[in-house]
Structures are given as structure tokens and as C-alpha cells.
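Worksheet: one structure, shown below.
Per-chain residue numbering starts at 1, and chain names A, B and C are given in the order in which the chains are listed.
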């Protein structure tokens, strides 16, 4: 092993030569990361990351879900159970188990990300395996203790210009304040993710309590009007700390635009805890439209990440809790689901609403046609299961001809795996340059245009779309 | 810029060489255009086309929807409002606005079509942009005034062998008569498109009136039997003027085959204007089967274009009316929807029913398997949002292995943009030759066979399928 | 014609060279055929196959459906009607009709399979056509009379290591016994396919009778408990004759896990013949979960082949019966449908449940994510309409990045066309090597890894997954 300079570039020599040239023009552009899940605390406290397993295995559902799918228990992998208890703390043994099964990741994006980190950060140019597992563990462990591997040093080394975290509506954002107060020049922006105070089915028992908490935080009455006002106040609080966006992870893309009294009655039902499942769906739907209206007022860019059936396995959930790799995409409708919101605000170019999907069939059938006409709509990049070379290629091939490049918004790494961020952006830049190179090679685009588009996809569009 | 002779051909040198050879064998074949939306009046009156904006911007929803999606108002683009009023008549300013945003069309089919027209018709080999907008405007405007740019001259220059228009069932077809009477040798065929007298939800208020009008035109009573007879009479009227096909643009592909008395009762309900939305869907469904039965009698080839959610944005519709780029595809079922019609007439090889889709997932899952067994079924080419290089490639890759080439029907340009017709057929021929070349290069097809198939796809199949 | 050694390998020279090398490493590996429809009687009796038409045309719905779709009647092709009567017995005339229309199969997998057989088995290196139809007929007919073309000789010549048949639950498996008793070393394994005693809608009138027959065979009472026990006993009977798998061809992937008393009541309803269509669906659903539980006990690998709308054309069915090429795929949900079964047993790594699909959209959206986390799940190869070069390529491109290679199970030929078996495995090996070669060429995989994966896909995974 040793990362090949042409990895992921087109195979055809002519296209590869063009792709190389395009890639050379974007590979060193700063990283703008407008959506992700790194911890603001890391940048605030700037502590060393712990051992290799805690960094690469335990928190990464891409990694442990594959191992689990092949019969290795999460217990053996030291994944914390639902109560946070780790039943296997022998990190070295876990690492060996991981190394022994590293072949399972052939041709997956995890392989690309991990090996990119290994070589560029830790200088390891060998393929992980049973024979070198211990040596590689030691190399990583030693490096993690050095100042160069502290979060802020890595932020700088990664050439990050700005990075967004994802933060609950109730979060007081102390770490963001602490970062600001520290005088460090890194830009760590919060993003307003109000799912927990919008989705009555998320931890249903404590939902009314969270609504009360939100209104309490904002100093508003616990009523429909007070609840909306509380969101406005919390959004302003986030904006004051650098937020430029909101994010909404709903089971479906459904939106609604109810008359005020119906919305108020619906609020009362979900607040009282006696709403039905249909009420919950309708409340989520209504709130997307409310959030869009607030965005028109305060300028926050809105993101919708719909269509994940969360925690599909009740057994896995009972033992290990959420986010354990058992979130499964579902077929998603956008055409009818988004209509109420779009009817209300979709033709207003002051709004930016970024759509993601886990249902690739929607790219060419629904999302590109919608984004290709509504001034408020933009397409988020290939997401989650499709944040991969083939996934990214399909995204471009199925959206560009209808929506063009300029209704897309650059790349999201969407990760809590901090060390993988450069690798993820690098993959995206390589795949986009490969796509552009093929357009140049068959004369759909001229080279100088492709250079411009490559820079737009890697850097300009994300700043513009996310107002960073 | 300057159109590259190899544009859209495969990148691999061997496949490209084969594709070049295949393309050389089909590029000059006559154009047969069996489905489209050019105006018969053009050919009848043979007047000059007006200015560049009226030709390229104002009427082309591919163009203005993209500009609109990026925040440019339709008003600014001089798109006529719902009452037909143009609020910006400064064509030169509109052209400059268009030129300034031409980069938005990178990698879209509009770009290919427009540049093909620019160079081959107007001799302009520069990329449109702010710097040359005025000069290009002047070049086009000057050309349009010359006799060579009159509709009939262009028809001949484009090497069109026959072109079909699309005409309402109530249309007296005066222009087609006038063309015939003129002695001009161009073949401009009407096509019977009865949506307005079949779909109770299209301009619902005046639907009963239109039914009465249809029966009146045909001299039949306004009853279920009279209504069907009126269709037969109008079809004969169209056939007498050269029609070889009907066309049906329904929201879904649903068909029905009701007992006569139920159908008659349904007719009475929709005629009385008190049918439900379910009645409307059922009436459309029933009429597809009736139309298929009439086709068995009179030989008209039948086309179904389902699955477009028309005028998705009520705001846009209220201000600018239909066909403003806000028609969005929806997921479409064919397997259950077409069954009643297929049960009735699908195994009769005398019928030709051509299916289109805006839901690409149906190609390999439903449409190719259906067309690969039912003698009456053929697959229309990649349509609308998929009338593009990647769309056409996916069409071949997902239908050929199951349905073969000979259950497809060649190319449709389906356009009202007359000047783009050669470009559209050229794109199709290039993409098909590229597909065939790859089959030759990996030894799935022999070269001489590929030559034959290329000619079939470009010329023979369309004549045979559409009986032209 | 003459089969090109590089057929189906990548076009790019570098990737082709790699693919050649990979293919050289797997092309001669033994064939393991874990799922198919050859007749055990063939191997037991070892009689000569009859004439070319009975071998290549009459029984192959890939062949006659295409001819039928182009207006050739099944009668003319000598396809037996529903009563088994063949109306055209002039085999030579049928063969000429076939030869005349052989061009219809261009770029289809049937073409590849047939020409592979023609050349490798019969030494015919000319393309079939009207001119050589008789000569080729004679060559095949003569060969079929020789000992080298008896089933056992072909089995050995094909280098088959083991082949599974598909057998009804009521089948006494006499041929499998006879094969064993004969001392022949070929491994012909039965597979337990209980659809006829699980699906109340299959030949509905005689379903209760079949249930009684099953219980009678097993010596159990005709009750819910007795019925389940009868399945266990029949499975053991199959296992004793070499079975390693069950197979379930349901209209949908729906599963259920009812409380015992509800399941018993449901059984009574379907046994009494007064169940609704919903009951039938629920019974099939419940039985998938019951079968999975039995697999946990007896180790049979479970296969689900859902989503085919069988015998779509009632006219064709009335005249010619089932399996006449009119089975059409439908959109299939897996995420909700499989949940009851997965909730019950999906996290148990002792179970192997192999999923197939006729809805390609499920690969990346549902199947790869599900197989990428549930220890019990594996992905069957591209099936039926997708058992083709492009279909296989899409399968790898849309599943590998999420589920990896090791949650897939190698290749199934799934055929009753015995002579096509080597061709089908060869196609799969070529396409997989091509896919791997591209991964090597763009540096996603190293060559030595690709060699290992190629062998796993061609040989090791199928043995492991099917426990052969």
C-alpha cells in the first residue's frame, strides 16, 4: 500500500490526465465543512484524543456495522451499551479483531477514509492486517499523545476554514462560547437542530417536558405562539454564536401548512402527550414550514435530511441504543410531501432550503426537477450510504443534466470521525474532478470551464449556499 | 468553442473509433419526427421567426426554468404572464441576462442543443457570454430575416422526411389543410391528442362544454355511445389529414375496462360536473382502453406519456399559467395500472402502444419486462428530463438486455423548439452509436450488426413503429 | 462469429489487462450451482436430450417471450399449451423461425448464453441465421445423440462440483434417491421449496387438499402445530437427501410474527378455504418467519425471491399456463416487510437468509444497508431480468460500497437450461472480474486482493453461504 496519486480518477488515460489537472487545481483549497457531527468540546478543550480504538472503531458505525453484519458481536468490539458501559476494554484485542477483518471493507469508502488517515496522518503505508495490527496500533497511539494531534492543531493542519457542528435546540452552546473566548482563530459554527423539540415520537415520554424546557429557556409561554417564539429566540441565540443553518432529520419529507387554529390545536394535542402517530407526522410536517418561514426572517439556511428508518432492529436498540448502524433508508416522496412548504415559500429566492436523500431514485425523478425550478431549493450532496465514489458519481450523473451544477451546494462530510475529514473532502474532489474530466473528454465541457466548476464544487458553492 | 466532431462519443479510443464509424453511417439519414410540438401554422404560413429571445428564451421552459431556479424572475425574462402579457419587452436586455447566466447550463442538454444551433445554423462558434451577447444577438436577428430561415426552408435544410404535430381533438386542423393545399412537399402530420376532452380535471369548469363541443363537431348525441362515436369520427378526420398516432398525457398510467353500463354511468357523472377526483381518474383510465380499442380498428398508433405532476407551483401557475417548467415527475406504476388495458388488447400484435416514462426505475423493473412480452407494447425513447446524454445511456442500459432493440421505437424530439430538432436527433444518434460501440468493443455485438442497429434506431424503427 | 476471449471485459486497455489476469485465475474453477431448476430426473435416468427445439426454444421463456413480443405466436413456436399439447411439431420449421429472428436478441444475455453453448459444445462458430439454420440444427441434433451429451457427461464436462434442484415440499425425491443409489459421483442436491403448501392463492381450490397431503406425508395432524411439525419433518427428509437450503417465491417480501393463537386461527381460515386475500398474504408472511425459525434449528439456508407478479396476462395464462414469460417485476419494499422476521431472528449469526430482488432500486436503498448490518442477511446475486452484464455491474456498483463483497453469496444460475450453465457462470465471472479490474485500475483495490476476491465471488462465497 501507499496512496496512489491517481486513486479514484478515471481509468481512461485522456480523462485521467484531465482529471489530474483539475484535481491539482482544487486539492489544496481550504475545507469548508457546513454540516457535521464533530464535538465543539474538542475544539474548546483541545485535549488529546484517546486510543486508536476509541478513535476509529468504537464510535464509527460504518466500521462496526460491517463487522457486526459478519457475526462479530458489538460487545466484542467494545461498543458501549445503551447505558454507556463498555464490556470489552481490551483495546489492543479489539484492534486485532478489527485488523483481522479489515478485508471486509474492500471497495468501501471506509477503506479509503481509513487508509488516507493512516498514511497522511500517521505515516503508515501498509495495509492493516493481523501481522501489523500491533505495530500500527502503537504508531497511532504514540502520535495521539503529541501536540500535533490535538483538535486545534489538526483543524489547522487540515486547512479547515470553517466547520459546523450540529446542536440541539436546548443546547446552551457553552463550548462555542469557550472557543470564541479563547481567542483561537478556528471557526466552529453551531447549527440549529431542533428535532428533539419537534418530533413527538423521539423519546416520546419526555417530549412535553422538552417543549416546556424550550419555552422556559426562551422565556415564552407554553403555547403554540409561545413555542414558535421560543424557536425564534433560540435561533437568534445560535445566530449570535455563528450559526448559519438549521437541520432537520425527519422520517419523511412531509410538510404541512395548517391554518393557525388547527396548528395550535395540533400543538395542544402533542403537548398533552395524547397525539396519535398521525399527529406526530403532521406536527413534524407543520414545523418544517414554520422553520422555513423563520428562515425567511432570520436568514438561516435550512437543511432537510429525510427518509431514514432509525434503529430498525429493536434488539440492537434495546441493548446498544440509537446510532448503531441499524438506520435503514426508505423510499421517499418529495413531490407531494414538500408541496405545502413550497406552496408557501418555495418561490422566494431569499430562502435556501437544501434537500438530501437516502432514496437515489429521487435524484433524477424528483429532486433535480424540483431544484431545477424552485428558487428556494438546492440539492445537498450524496449523503450517508451514497457518500462514496459510485454514489457521488451517480449523484452527478442523475442531477446535473436537469438541475445543473449551480443548484447543488458542494460537499458535506457529515461526520463525527474528525480524522477522516480531509479524506472525505479529498474523495469528493477526486470524484467530481473525474466526472468533469469525462465531460471534457467527450466535449461536453471545455477545460477552462471545468476548472471553474471544480473550484465551485470544492469551495465556492458551499460558502455561497450556506452563507459562510 | 467550435463543435467537436467527436462530441458525446465514448472516451476510450477503441470505442470512439467504432462509434465514429457507426455515426458516419447514420448522421445524414433523414429526420423522422413522430412526436413533437412545433406549430403547423409555421409550415402553412411560412413566415419568418421573430427575434432571438422569442425563439430561444421566452418559449423554452428548459431555458427559463433554470434561470428562474437561480432567482431570476420570469418577468425579467419576458415570459408572458397567464394573460399573455409580456412585462419586459426589451429583448436585447433579456438576451444579455441570458448570456450572463449561460454558465448555469454547463453539462445540460440545453447547452448542447443551443450551441449546435448557434454554430450549424448561425455560424457562431463562440461560447455565449456577456462580452459577445450583443454580437450574437445581431447575427441571429439578421439571419432570421433571410429566406433561408423560413420554416419550410429549415424543414428542408434539416432533412426532415416527416414531422408530426400534436393537436387537440377539437382542432379543425386548418393549417394541415393549408399545407396540403399549398403543394409544398413537406410532410406535416397531425396527431390526435384528446386530453382536453378526456380529462375532467383539466380546466374542470369547461369540461362538460368541451364534451358537448366534441359531439357537436362529430354530429353525435352527448351520451357515452355518442361520445365514443365522436372520437371515432374525429380520429378519422385526423387520419384523413395524415395522422398516424394518438397521444395521451395522463397524470398516471392507470387504465380500466369497465362494463358498458358502468362506463356510461361514469360518463354521465363527469359530464354533469359532479364526478369526484376518483371518477376523473377512472374516466381517464377507461378512455385509454377505449382509445386502444379504436386503434385496433383504425390503425392509429397509441402513445401514453404518464406521470407528470403538472404545474406543481400554484403561485407560478396563477401568475404565468401552465407549461412554465414546474411540471415534476412522480413515481409511476405500470404493472398494475396497465393491466386492464393489456388484458383487453395487449396480446394483439395489430395494436402498437408506445409507453413513455418520467420514472426511470420503471425501465428495467416494469417497462422492459412488459414490452419484452406483450406484442402490442413498445418503449418510447428517453423522455423529457431524460432526453439527455446520460438519460439516453441509462435508457439503453436498462432496457436492451430485457426488451432488446426491436421493442423500442427510435427517437422523439418532442419539442416546440424547431431550431433544436437537428441537434436533438444528432444527440440521440451520437449516444446510441456510443452505446453500440461499447457493445462492439467488448464483443457483445459485431460491427456489421451494430451498423444495422444504428440505422434501425436512427431511421427504420421509427417509421415502422409509427407507421409513417 | 467466434467467441472472443475478451468478451465482456472492460474496454479500457489497462483495466482489460487486469481483468484478463483475474479471469484467468477463476475461469476454470469448479461450478457450484446452489439454486436452479434443472430436473433431477435427467441425472437419474441419464437419457439423451431430444431435438434442438425442445432444448433451446420450447422450454426457454427468455427465448420465446422475445419472439412473442414481436408478434410471433406461441403456437407457431411449438410451445405446449396449458394442457401440454404442442400445436406445431415441425421442429425444423420452428428452428428456422427462430433463426430468422435471432437478430432480436442482439445485446441480450440469451444471445451470449446461446452462442457460448453453440461454440463450446457444438463447435459452431457462425452466427445463427436463415442461411445456416438447417445446418446448425443438424449439428446439434447429431451431437445430442452421442454419449458426450448425456446429462451426467455434461455435468462432468461442465466441471460442476454440486448442483441444487428446486423441489416441492410434497415431492418424495425419488430421482435424488436414484442418483445416490446409482453410485455416480455427481452431487445433485434437493432444495425445499414449499410455496405450494404455503401460498393459499396458488391453485387456491386445491390448497386445503395440499395441506392435508403434507400433514399426511409427515404423519401429523392437520392443525397449525401439526402443519409446522410436518414442515420440520419434510425438511429433515430433504436434508437427509443432501438439501442445504429452502427457497420461497412470494409476491412480496412481507413477513409477520403473530402470537401463536392468532397464527393458529389464521391457519384455520386458510385451511377452510374461506380466508381473504389479506389472510393469504399474512399466512405467507407468517410462514417466512416460521421457516426462518426452523432454519435456526436445522441449519437450512433460507432464500427469498420476492416481487414477481406472476402470469400477468390472463389470456396468455388461459391458453398456455404459467411460466410463459409474462411474470413482471414490481416495486418491492424490504425495510418494513422484513422487519417482523428480522426482529425475531435477524441478529442471529447462525441463520443465513439470502435475499433476491427484481426491484433494483432496493439494492442501494434497502438491501445493502440491511445486509450491511443484520448478521443473518446476505444478498443473492443479480436475479432473472438482471442476470445480465449490465444488471450484474449495477448490482456490484450499488451494493459493494455499503455491504462489501462478503455479504454477497457468489453466483446463482437459476436455470432449467442445462446447456447454458457454463455460459452463465462464465458471464458472471467475466463481469465480476471486470468490476474488480476497474477497482484495481483506479486504485481502490490492489491486484492481489482482487485475485482473492475474484476467487471468493466465483467459488468460496457460494460454498460458505449455502453450506455446500
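Rule of thumb we're sticking to: a residue touches a chain if its C-beta (ideal position, glycine included) is under 8 Å from a C-beta of that chain, and two chains touch if they have at least 3 such contacts.
Treat the numbers as computed from the prediction; the structure is a model and nothing was measured.
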item: Interface residue identity across copies chain A, chain B - same or different by half; value: different
item: Relative orientation of copies chain A and chain C, as a Cα rotation angle in degrees, nearest 5; value: 120
item: Inter-chain centre distance, chain A versus chain B - centres from mean C-alpha coordinates, in Å; value: 40
item: In chain B, residues with contacts to at least two other chains; value: 10, 12, 331, 361
item: Chain C-touching residues of chain A, taken from the complex the two chains share; value: 1, 4, 6-13, 65-66, 68-71, 103-109, 111-112, 127, 309, 312-316, 325-331, 358-361, 385-386, 388-391
item: Contact footprint of chain A on chain C as seen in their complex; value: 10, 12, 14-15, 331, 333, 335-336, 339, 342-343, 346-347, 349, 361, 364-366, 368-375, 377, 397-398, 400-407, 438-439, 441-446, 449, 452-453
